[in-house]
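All chains are identified by letter, namely A, B and C, in their written order; residue positions are counted from 1 within each chain.
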Amino acid sequence: MDNMNNKVLKIENLSIAFGGLKAVDDLSFDINEGEIFGLIGPNGAGKTTVFNCITQFYKPDEGKIYFKNNKGEVEDLVGVKTHEIIGKGLVRTFQNIELIRELTVVENVMVGAHIDFKASLFNQFFRLKKTREEEAKIRKRAEDILDHMGLLAIKDMLTAGQPYGVLKKIELARALMLNPKLIILDEPAAGLNDTETLSLVNLIREIRDERNCSILLIEHDMKFVNGLCDRICAINFGKLLAIGTPQEIQKNQEVQIAYLGKEDD
Amino acid sequence: MDIFVQILLNSLETGGIYALAALGIILIFRTSVTTNFAQGTISMFSAFFATIVLMITGISSILAAVVGMIFALILGILVDFFVISRAQKVNPVSKQIITLGLIMIFLGLAPMLFGTDPLQFPRFIYGSHSFFGATISYNAIFNIIVGLILMGILFFALQKTKWGLSVRATASNDIVARMMGIPTASVTRASWAIAASLGTLAALMLAPTNSVNLSMMDTVQVTALLACILGGFTSFYGAVIAAYLIGFASNLISFYISSIWSDSILYLLILIIILIKPTGLFGKKVVKKV
Amino acid sequence: MNNKLTNFYKLHKPYTQFLLFGIILSFLPLLVSLGIVKYSLLTTVASILIYSIVALGLNLLLGYSGLISLGTAGFMGMGTYLTAFITADLGLPFELALIISVAVPMLIGVLTGLVSLRIEGYYLAIATLAISEILRKVFIEFDFITNGFSGKQAQYPKLLGFLQLDRNGTYILIVFFLILVMVMMHNLVNSHTGRALSTMRGSEAAASAMGVNIYRHRLLSFAIAVAFSALGGVLYMHFVRYTYPNAWILMLSLNILAVIVIGGIRSISGTVLGAFIVFGVPDLILKRLPVIGSIDGAAYIFNGVLIILVILFYPNGLINIRYDIQRNLRKLFKKGEEING
């Protein structure tokens, strides 16, 4: 715990099993502040399960998840309620985009700041001053983020029917609303074409540089991961294979066999 | 001692009635993924039909019960054919509301077709027997045994027959079951038919002590649903055991505390148990995939 | 600037509409006293408006939390008995009765919710069904307060201790409360709680990742639904001035559900439309028809069949008919233009 100086997340001996099958097995890694960190592995390696454990959608059987929250305190996330995670400064996106079709783009983004709304129920029922002020303030914040991403023009449209690449960006915008310390992205480039992927790489770098946060991402696209990540952690069958820079991971034989092995066939 | 034996015997009868109704609800829950709130109303409707047939033709009550159960089978098939099978893509909440709509339809039709007066349905068998100082009617013994036999057949069918396997497969994963070539549509239809039929038998077992009337199944319906919750809504066995336990508790409460408030006290007790053990007495916790 | 204007328009347009609707409704007593419409129509419309209030609360629960309550009638009935007891038996002011008669059912509702909402959604329907059975038993058996089957009476409300309302005055009070509830619902749905509920409905995973406490929001929407049910009960008691146990049966709860499903889920105007269809059509049309009018269960069958048809074929409710007509008309015009061009 005391060696968290420049780390934002430190996972120690994480394990979870589903019906006897170990989905994550004694996994440990850590993420530095300001780092873009990739988690890779073949299908079914347990990547999303790791994410779900960190964000407390699943309760791990064993292990610690130390996180330096936005107050600078280090705490173990295990046992924290799922809906309390975002308040610590940790926010995620989903593999299958989880946006709300009936809400407009800007409304969807505003949901990202849900915990910043303090107006009481009574206040909301009658749309009193506090409700109006909060709405205006947070709507402005959402619009600024959308503007930055070049999405301001569609802010009042419904999300239903927007192109896939745009939806991915809206979900990312929603994740930025609270200035998180760590953003977890579940396959951000999946389903995007080359141009969209390239602009996403730039966007993620920009977010890291401007917002001074760390990013943890899962991705299948090796080119994307190698080009973007500072360090990569490769896992298979829930177990750690290797951690290192993209170059080190590419050279690692175990990783090649488990993940890139197909190239030899 | 004799009082306790009496309570135990009564509980076997009421518990059996609850169990039959609860089995119908679980059967539909597992094949159609909805809690069928109309189970009691459909049973009431069929019980009215059986009673009218009995009054017109003068057949024995056992025969009338068979007629009522066959009528319920057909009714279950019709409900599935006209409504449920068309609602496959409807979300679970709307499906529940559909079964509530069915209540309205059958509760509207019943007085139109059968009149508003309560009707009498005779016992299956008359006479009684003394047993450790307690009296039990032959009718109650008949009900207990028939109930147990039917449940036995159903459990055997669920475990050993192709239909039972199909029900369990449909229940665990509808889409995969369909891909494996299981005719989920006809499995669901059969479940609606059997559920209606079981409920009707429960209604006719209850009828002689009460009467055949529009609200005859209200208490049974609520109790059966609560039995399903207590059983965890996943297992057939759980619901049946819970139904017998509730039957026993209900008789205990009406005898020792208050017969007027027995149902209310029972409902509150069950709600408190659910608060303490949310997944029911036998249910397992399920991890949802994100 | 232009942007700001559209925003203002978008936000305030419904208020004007609601207000206009209220003003139109307020003319009804005048029409009755001029002899243009029948005296009994006022009672029918008043009860439709009361059921609209109840259904608006339930629409939040069903539409945004995807939960069903079968205790609506029970909680409404509780509101009637409480306010009758407080004003008629204890002789306390109407305003106090209103607050207590809404607060007590809400508390019981929250307790029911605490039990059932932690687990699967469908548990709430069953738990509220059980609670409403218990409440009905209480209405019958606590005869020292409720007078059992003979029922209980109350008077038209006296506001602020001196303003004694008559039948027309009470009707206007009901209109006032309906418009108030419509405005409140509109505001809530368009504030952060409304967005959180929408998100919950669309994706529980996204909602909890964004910090929405799902259990608390389910409980909240149920508490609001119960509160509006009880408010409806209070208004009912002081307009009809009579309550009895058999008025608060499951069938009423089902009719209120029918209001939402038929009228339009998650729609304020749809809910009011639904109330006019479910409670108005049987009273105003079905009863006047030959043969069908004399059948007892016709209204139940009408609503039951309509619920199923709407869910199967028009799941967003009949309020959307106007949009569909508009769209089709536009298509028609376009076709015409193409032919002409």
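Operating definition for what follows: a contact is a pair of C-beta atoms (placed from the backbone, for glycine too) under 8 Å apart; a residue touches a chain by one contact, two chains touch by 3 or more.
Model, not experiment: these values are computed from the prediction.
Remark: the per-chain Cα centre closest to the mean position of all protein Cα atoms belongs to C. With respect to chain A, maximal separation of chain centres occurs for B (centres as means of Cα atoms). Our note on geometry: chain B versus chain C, Cα centroid distance of 32 Å, whole angstroms. Mean C-alpha position of chain A lies 41 Å from that of chain C. The centroid of the Cα atoms in chain A and the matching centroid in chain B are 48 Å apart. Each of the following residues of chain A touches two or more other chains: 57, 94.
In chain C, 205 are the positions where the chain touches two or more neighbouring chains simultaneously. Multi-chain contact residues, meaning those touching two or more other chains, occur in chain B at positions 290. Remark: chain B residues 35, 37, 83, 86-87, 90-94, 96-98, 100-105, 107-112, 116, 218-219, 222, 225-226, 229, 233, 260-261, 263-264, 267-268, 270-272, 274-275, 278-279, 290 touch chain C in the complex.
The touching residues of chain C, when paired with chain B in their complex, are 62, 66-68, 70, 112, 114-116, 118-123, 125-127, 129-131, 133-134, 137-138, 141, 205, 250-251, 254-255, 257-258, 261, 295-305, 307-308, 311-312, 315.
Those residues of chain A lying in contact with chain C across their complex are 55, 57, 81-87, 91-92, 94, 98-103, 107, 110-112, 114-115, 117, 119, 121, 124-127, 131, 134-135, 174. Across the complex, chain A is touched by residues 184, 187-188, 191-196, 198-199, 201-203, 205-214, 220, 266 of chain C.
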